[in-house]
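One structure coming up, written as structure tokens, with questions to follow.
Residue numbering begins at 1 within each chain, and the chains themselves are lettered A, B and C in the order written.
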Amino acid sequence: MRWTVVAANLPYLLEGLQGTVLLGLLVMALGTVLGFVVGIARLGRGAVYAAATVFVELFRDTPLIMQIFFIFFGLPAVGIRLNAFVAASVAMTFFAAANTAEIVRGAIQSLPRGQWEAARSLGLSSPQTLRWVILPQALRRTLPPLMGLFTTLLKDTSLAAIVNVFELTTAGRRVVERTLASFEIWLVVAALYFLLCYPLSVATQRLERRLAAEVP
Amino acid sequence: MSRIDPIILLQGVHKWFGRLHVLRGIDLEVWPGEVVVVCGPSGSGKSTLIRCINRLERHDRGRIVVDGIELTDDLRHVDAVRREVGMVFQQFNLFPHLTVLQNITLAPVLVRKWPREQAERVARELLERVGIPEKADSYPSQLSGGQQQRVAIARALAMQPKIMLFDEPTSALDPEMIQEVLDVMRDLARRGMTMVVVTHEMGFAREVADRIVFLDEGAVVEVAPPETFFTQPRHERTRAFLSKILR
Amino acid sequence: MAGPAQFWVDALPTLLRGALLTLQVSALAIALAAAVGVAVAAARTAPLPPLRWLGAAYVEVFRNTPLLVQIFFVFFGLPRVGLRLSPFQSGLLALSLYTAAYNAEVFRAGLEAVPRGLREAAAALGLSGWQRFRHVVLPVAVRISLPALGNNFVALVKNSSLVSAIGMVELTFVARDLEAWTFRSFEVYGMATLLYLALVLLLVWALRNVESRALAYLRVRDR
């Protein structure tokens, strides 16, 4: 074992970690916003519902890596050329949005039908019902699964390494290629991811428990 | 004297859930200020019937006219009717994330566009009327079932409806809380509110109802004033139902 | 360059072979991940505290690090401590261990959701501890777990694509290879995506059948 290699390359790995965090935050923010829009669209009818459903199924039922390839290598064929970072971000944002949309839809549909009926029978319009009655309640229920999704997204940023975006896994691979200390470096890379994800997991579980206790 | 129009008119109303024929040609007129109690066995279509009146359910055939507005697929008509018709549910359906006061003021502010102060003043008056002024800032989960149902009634009344629909408002309540809700409803009837009430509280029906409608298998079997209904029911099925329920 | 028809005649069989390998590695990993998952869940709910800690540590480690890094660790890292595995073996191992952590959580929730009354009834009937677990608790827990377990299996099929990164010639690898040769990236990735979709939908369909059979006792007869 050559643990000195780890010490020597730790700053470089931490740089990679920065890339991971940056990509993760970007994808979480954009994915959440888009996901809420798509999730609400799935409550609609006709073309809106169909488009939202196709979007959700397509990005949830196929591997993220395929989505990245498709956007990075495939879209240039139709004249859309994105650099690796943008391509990975776009693919992951869509992936995040599709999963967020399911969370949002699930939370909304988990509310008793009587909430809609009571609001509608008071004369509130559908958008008013959504805005004042449904979303405030659904929002709480989306929080734990959303945080769970964030952990998944943080881990999945590692896939950006496959198109050579600079983040932790890419940094790890480059160090391994240079030093051949594969066991040590991959172990440390895993540990760094763990340090990032574990607190988020714990926080998610805490929140889950707290909300479960609070809900009347 | 000018002819009065019924405030609710149902003509040949049919409703299917898939292949299940739930309403089979309902004809009913409700006059302004009248209290109509609807009763009948479980599954006979009582809920479906009154939910058609504010179009929580869509009827498939026939006409429904409420306060001069015919219920069609035209959403403006639906919204207009819902503004004039209040509804109270078996399960209360209070909004758990809002306080009692917020529950009551929500619709007047959003739909009637009242200023908040006016909405709150009216809400507090209504809470006074249903006997729980001190609960304004509580959340629904902090109230007993009877109190929740009284809030639900106040919430519907805040929109100043011309008609109130009640779907088994006391069925989810513990026995000792039933009276407090019925008292509020009695008071409402005395003030001249038009009411359609689905209930099995036959004491209430006898005392408050102008007419009782007996529904069975999606059809109106018998309509009569309480004294006739209870003492000389004309139909065998009504008699069978009454003998089961009045024991 | 060949015309579009000729292109598909050449490409499709290759992609299908890749899909077949994806199917193989997924099927094996599903079985392994279920078995390991039950074991870890049992450890997590064991009466012995060290066993519980071990189970919990397993779950947290495998769930809070990326699968791709786990795959790299197994394939590139383990040979340095004398364990040399083929890409297929490495992929299968990592995929199974990773999914097992998620399965363990699902099983644990399932075990905890088994009504107390059932255990008590089984005990009152004189069943031994193992008999209670084997014939009453486990069957009920598995049924409770089925829907969530299905989600994990669907995720597994998608995750199997990562094994391409260490050179296992499954669907994703084949697609990249084809693309590199033909430059028809749009068609190749589009078709590969559709094949994944087909695999996933196939699995979902199969799971639904299993579920509806296993949960038949829950269906209430129509009034």
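FYI, a residue touches a chain if its C-beta (ideal position, glycine included) is under 8 Å from a C-beta of that chain, and two chains touch if they have at least 3 such contacts.
As the structure is a prediction and not an experimental result, all values here were calculated from the model.
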Margin query: I'd like the most central chain, judged by C-alpha centroids against the all-protein C-alpha centroid.
Written below: A
Note to self: Among the chains here, which has the CA centroid at the largest distance from chain A's centroid?
What the structure shows: B
Notebook entry, point to check: How many angstrom between the C-alpha centroids of chain B and chain A?
Noted result: 46
Check: When the centre of a chain is set as the mean of its C-alpha atoms, what distance in Å lies between chain A and chain C?
Finding: 20
Notebook entry, point to check: What whole-number Å value describes the gap between the mean CA coordinates of chain B and chain C?
Noted result: 52
Checklist line | Multi-partner residues of chain C (at least 2 other chains) | finding: none
Next item on the list: Spell out the residues on chain A that touch chain B in their complex, using ranges where they run on.
Entry: 112, 114-115, 117-125, 128, 132-133, 136-137, 216
Item checked: In the complex with chain A, residue positions of chain C that touch it -> 60-61, 63-70, 72-73, 76-81, 154, 158-162, 164-165, 172, 175-176, 179, 184-186, 189-190, 192-193, 196-197, 200-201
Notebook entry, point to check: In the complex formed with chain A, which residues of chain B make contact?
Noted result: 54, 56, 79, 82-83, 85-87, 89, 91, 93-97, 106-107, 110-111, 139-141, 152, 155-156, 159
Check: Tell me, which parts of chain A touch chain C in their complex?
Finding: 58, 61-67, 69-70, 73-78, 151, 155-159, 161-162, 169, 172-173, 176, 181-187, 189-190, 193-194, 197-198, 201
